[in-house]
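Just so it is clear, A, B, C and D label the chains in written order, and each chain counts residues from 1 on its own.
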Amino acid sequence: MSEEKLKSPMDRRNFLRTCSSFVAGGVALASGGLLAAKASAKEGDVFWQIDPYKCTQCGRCETDCVLTVSAVKCFHANRVCGYCDLCGGYYRPNVKELNTAAENMMCPTGAITREFVEEPYFEYTINEELCTGCGKCVKGCTSFGNGSLFLQIDQDKCQQCNECAIAKVCPSDAIQRVPNDHAYKLKDHA
Amino acid sequence: MRKIFTILLGILYSFNALAVARFPKPDFTSGYQYPDIVHGAPNELFWNILDVVLLIGMMGLVVWAAYKKRGRAIILSMSLVSVLYFGFFRSGCVCSVGSIQNVVTAAVDPNYHLPWYVLLVFLLPIVFALLFGRVFCSGVCPLGALQELINVRNFRLSRAVSATLSMIPWIYLAFTILYAATRSQFLICRLDPFIGIFRLGGDLGVMSFGIMLLVMSIFIGRPFCQFLCPYGALLSVFSALSWKKLEITDKGCINCALCGVSCPVDAIRAPQNSRTKEERWRGVKRIILFAILLPILTVAGSVLVGTQSDALSLAHKDVYLYELLQRQEANPELDEPLEVETFHALGGDIEELKAKVDDIRGDYQFYAYLIGALIGFVIGFKLLKLSLKRGRKTYEIDMARCTMCGKCFNYCPQNQPTRRAISSRTSITSKNNIPDK
Amino acid sequence: MRKLYRNIAIVTTIFLLALSVMLGVSYYQMQQVSPLETGVMETLKELNDTNSDNEALQQQIRELDLLSRKAYFVKEGQLKMGFYLLLGMALVLVVCLNLYYRETKNLPEKDFDPIDDWMTKSRARKYLGWAAAVVALIGVGFVVVQQIDWSNMFNKEILAEVQDEGESLEVNNESSEGSGEKVDTLATDSVKGEEVDSAEVDDMPELKIASRAFRGNNSGATSAARGIATSWNLSGKKNILWQSSIPKHGYNSPVITGRNVFITGADAKARELYCYDVWTGELKWTVKADGIAGSPSSMPKVNADTGLAASTVATNGEEVCAIFATGDVICADMEGKRLWAKNIGVPDNHYGYASSLLMYGNTLIIQYQNNSNAQILALNTKNGNTAWSKKSNDKIAWSSPIIATLGGKSALVVMGNPAITAYNLGNGSELWRVECMSGEVGSSPASAGGVVFGASEYAKCVAIDGATGETLWEASDYLPECSSLAATKDLVFCATSYGMVCAYDAKTGEVKKEHDLTTPFYSSPVVVDGKVYLFSNSGKVYIFSASTFDLITSFETGEKTFATPAFTDGMMIVRTDKSLYCVKK
Amino acid sequence: MDRRKFLKISGSLVVGGAILSVVGRGMWNMFKRPDKLFYDSKRTKGPVLMKEDDDFVSPYRRVYGFLAPDDICAMEVEGGSIYIATPNNIYVYGLSGELQTNFPTPSDLRDITVHDGLIYALFPTRIEVYDRQGDVTREWDACSDNSDYCSLAVCQDGVFVTDAANKNICKYDLDGKLARFIESPKGFIVPSYCFGITYMDGIIYCSNPGRHLVESYTTEGEFVASFGKSGAEAGAFSGCCNPAILTPSNNGELLTSEKGIPRISCYRTDGKFRSVLLDSKALGRGYAAYDVRVMKDKLIVVGSNKVSVFQYDKRLSQQTECGQCDVDCPLKM
């Protein structure tokens, strides 16, 4: 095959290519522009977060997070708490005497600790390193107590997946994106 | 790890904590004060900006390395950086590949919010592709980089097989669009084979698939990029029409065929001197045939997928819930799934759900036909392309496939003829001298 | 040097494999059952809850708890370590391999240069073509099986997975099929057994005594039939003339006139009226309730205990009318020709429409009392035109109207919530109205000796003088829920849905006799030939003396029975949940 | 065909096969088993606080019920009528759910009770008395401003109100003049708004939820006695803040309603446990306490916005203690 033969198709191809590249470029830019308009429309929702008032403590937060130990932790709103000795989130509902023996404890990892404040009050705190986000205590607290215990996604552990794996299986659609500066949905007043 | 980079937002959010009918404060006589617990949250804004800047910077570097320096070293180092930063540190979210879904969703759903940086992460690689080819794939995409880094040999698949497999990305893309457009699932994120490795944990099946791919990629160049990556498919289109074309050497090709072997993704086309001659009219006839086949395939594909929309629609959470409810009604003796239990506990209204499900199914109908057509068209087009003959005099890079790993630069004896190149050339000659029986 | 690299590479590979297997396994375990959720713990704790402070047990729990926590956290740590180790090794391996292969580079293959681009291309084309073809074929396959809708498919799959569920399903299928076959054989056998060949069948006389509505003529819960068998046996075919399967499910009761037996059945797809031959049990004809103006496209939501065909049909010997939960009313003649059909409005009924029809000459009476618009409708059976209709603001009810002889004249008695009302059959004018009912009225009234008896579980049992409409007595010892009352002039029979049956004194209302049969009754008692026949839901038959209410006999039939049997001379037609059979001495 | 070529072909087939098979599997699942692909959550049952015993039989059967237009915060039964208090309305229904009358009230209503034809409505810091038409006949504010009232009982001796904030009972006379505060000898522990009180022939019974006790006082405020123990089993109070609600049965026994795992049980006034009348299953689950009252031979139970009427069932009761109970209580009609 000699140059003459090849020349003409070469030119044609070049011509075609330039045209189509312009088209493609145009398309890309146009769509980009449109979407850009969308993007700048409203302020961004960034973090995944649980709405404690929608949450039904199904326990999937523990099992369905992409992390081996879920990023969902139990939070405690001290201002909502009754501080009582007999805590629905601390003890299993059917305790006989109120001591910290294993058979009386609600939390499977012992992440809830409490210290005595004054008769008859105790302050409860949660060790997030031990918490697995199973939500047992939360269920106990919401059913018996004032709901001062609630589940939240620990933004420091959360991987900010493009799509939250828990949200996809959450039966009450409690997990939504929240803006950058409201990273948590807390229960207690400031 | 992230804690170090964390900006505490405690004060910021505590103001807008939700109100709650709270019980009167216990009257502490010991002057007890509530402890103020602050929960940390990284300042995502900062990280997003950093991501974008790095993205641009690294792509620029790669361009420079590929077009000016014709060296592989920089590209490799880029790969390392990207694996460490985008991969392990940022744990791969949000990546350009996944951003397809956000963009599609935003395009169909007016009140879905598309963050600006996601848009950039999606657009920038495409823009670069239009200018210089698949720069992003070469050393910036953590997925590609990971494979690149552990690649040792490249035994190339028979082109026939790879041509067949190269349809998968398009199908993948099609279904991704379907699920994203119907707000059902983010397929790519769910089936990302390497994210599990970056996060040290994830779904076992997907992870093992990722491992399999990695093992492959020790011996085959970038199996994921070649045979699975939907974003790669997208880029290849733009890259094929790119403004600049990558050249292996500026000193003129000597047809030594070394670059051809070196390429891990089979992106180098040899000069066209076909041994199998066939009359022109046969070629023309074939082209016409495939030209006719193209629309037929398109329609066929659209029908095939379109008729399945109801089956596909189960990927949507609400549809799934609805089916579960139906099933429960049909045989109440089954113990209730958690979804159904919660639905009833929250006093959900089945009629409402039904209505919702119906128009979701409507959407599915539409998009299923659409993507079916897309799949059919792509296959038809590929066939057509394969039946086109084009002349070439020297070794050329097929920009659509080239992922700019820069291997061929080192191979080409014309670029800075190093000891290695020479040795390999001599080894060729010696090899050719051996008479083969 | 290269040897060294190679060896290192080999060793690391081996390690890698071993490690990854280990990690995989432990990771899998971690994902499946976290050591914190072993069932043992829970059971132990529950044990502890039940028996008060058992020291040993508590000790055991504490140890186990400690153990499991240790396991959990240690494992977690191991996993993390393992992952890092894995990554490190992988790195080493890759480096070694790189070094090992540094010298050797891929070299052109013989068939490579000059590459025959065209040949490869065309091969690729073939492959791709084939691949596409295969995909297309699979797709076509899908489309072919498209008839099966996917959601069902998906459900089936899941059901199949649920072990016992799967089994039970199979069982059901088998049983239903089995019954199907059995029925066929039965039918034929019985025919042979009786040596009734078709010729003779046709000569068989029409029956004198009919049972033209729910619980007999006028829905009166009494029948003039004689010589009904007091024992039969389905499996042994003792006293069974025939048994036939029923195409579609329904809770309505059989109705007999001439030599025809009418029942209806319905499902989401179709609603049908069936006519069987009383002598052979063959299905003579089927009339579909379809193509009716105003009929809803999707079925109204009905309770499983009610279904779409709960209402019993009514006939006057010339026409037969049926109504379904959709509000469709159809009328056919004795040959199965559909005369007319209309939709009287979809009932707004949270359980499903259940009141049975009633015919008086050429008037079809429909007790149409639903959440919105409660009324009594009277249609002309010839053409379906409305003869008269009576709107009332009664609440929803599921009971059926009866025709009673009050003060020597036939009158329509309707029991609803909150009132029992008597109407003039001719024009629907109200004779009297007694407010005594409340709650969900499901059972139907009865009448004997000019007295109307009504009872509902959520209210009480009342006796009303039919002539004056004054209340004679009230009682609430035992009250029926679905089952209806039956009455002679001395006794009122009542079967509850919690297993108590009793006979009230029709004069005073005191309980004359009660039996605790501890099995629920939905079917209604019927007074026949000095006996009271009563079917329990499980299909056990109880036969009492109508004068003393002593239990004469009782036996299992083996098939669930919710419908009330229909009687004609010498024969009883019973509808079970899956078949229809005829009892004859 | 030389070795190299063979290797190449077979190799590419293996790799291609591997990838294709994985992809194929994925697509198959997409069509056939989306649940496997997308919804394979390991957790199929939520955490259970307490296993409910499946073979518990309630001697009572729900015979019918009706819905209130709003969530119910308190309920009272008087004569043939059911008084339902929603956050800012009071509805009066007949037994079969026909609305007799209703009138609006200030919001945040806590409890109501009816005493000789007058409706006493309790608000966190005030008490209002309506006649049946909803006209206010009397009203007065709480004796202390930081009080947070929970529940009230009214008898001819006065109005008794439990105060969750001050942890005491304050007694007013019928015109709203503060008579006295009643403190518990042990001290009340009230962790949440569950501080039930009721009056039965001369004695005030109130719950001490933080201690799982029911305490009784004379109308003059002297402590009489207390009963109750912690535990899961029938006859004990579980979790926190139980018993939540107390009400007299009309043969001088005490019905308690518990929250958390809802349960309604019957006690003799001396604390002897009779039996559980309705368990969580029979009541309809949830965790809020169900308010309960006795009307002749029926139990009226309200939860969220549902009103249910329960009636004694001879057959069922034979398997329960309630059936063996020697007292011929009108509930066993």
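What we mean here is this: a contact is a pair of C-beta atoms (placed from the backbone, for glycine too) under 8 Å apart; a residue touches a chain by one contact, two chains touch by 3 or more.
These figures come from a predicted structure and were not determined experimentally.
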By the contact definition above, name the pair with the higher C-beta contact count: A-C or A-D. A-D
What whole-number Å value describes the gap between the mean CA coordinates of subunit A and subunit C? 43
Roughly how far is subunit A from subunit D, centre to centre by C-alpha average, rounded to an integer in Å? 32
Inter-chain centre distance, subunit B versus subunit C - centres from mean C-alpha coordinates, in Å: 51
Rounded Å distance, subunit A centre to subunit B centre (Cα mean): 25
Would you pick out the residues of subunit B that each touch at least 2 other chains? 23, 158, 161-162, 164, 185, 190, 200-201, 272-273, 308, 311, 314, 338, 341, 345
Quick check: what residues of subunit C touch more than one other chain, meaning two or more? 27, 31, 49, 52, 79, 109-110, 142, 150, 153-154, 158
Residues touching two or more other chains, restricted to subunit D: which are they? 31-32, 34-35, 38-39, 41-43, 46, 50, 191-192, 231-233
Work through the pairs of chains, note which ones touch, and then classify the graph as line, ring, star, complete or other. complete
Touch list for subunit C against partner subunit D, complex: 31-32, 46, 49-50, 52, 109-111, 142, 150, 153-154, 157-158, 417-418, 438-440, 457-458, 498-500, 516, 518
Would you tell me which residues of subunit B are touching subunit C in their complex? 149-150, 152-154, 158-164, 167, 197, 200-201, 204, 208, 211, 214, 218, 255, 257-258, 260-262, 269-276, 297, 300, 303-305, 307-308, 310-311, 314, 323, 326-327, 330-334, 379, 382-383, 386-387, 389, 392, 411, 420, 424, 427-428, 431, 436
Interface residues, subunit D side, partner subunit B - complex: 7-9, 11-13, 15-16, 18-20, 22-23, 26-27, 30-32, 34-35, 37-39, 41, 43-46, 146, 148, 164-165, 191-193, 285-286
Along subunit A, where are the residues that touch subunit D in the complex? 56-60, 62-64, 82-88, 92-98, 120, 134-136, 139-140, 142-146, 168-169
Note which residues of subunit D are touching subunit C in the complex, please. 2, 4-5, 31-35, 42, 50-51, 61, 63-64, 95-96, 231-233, 313-316
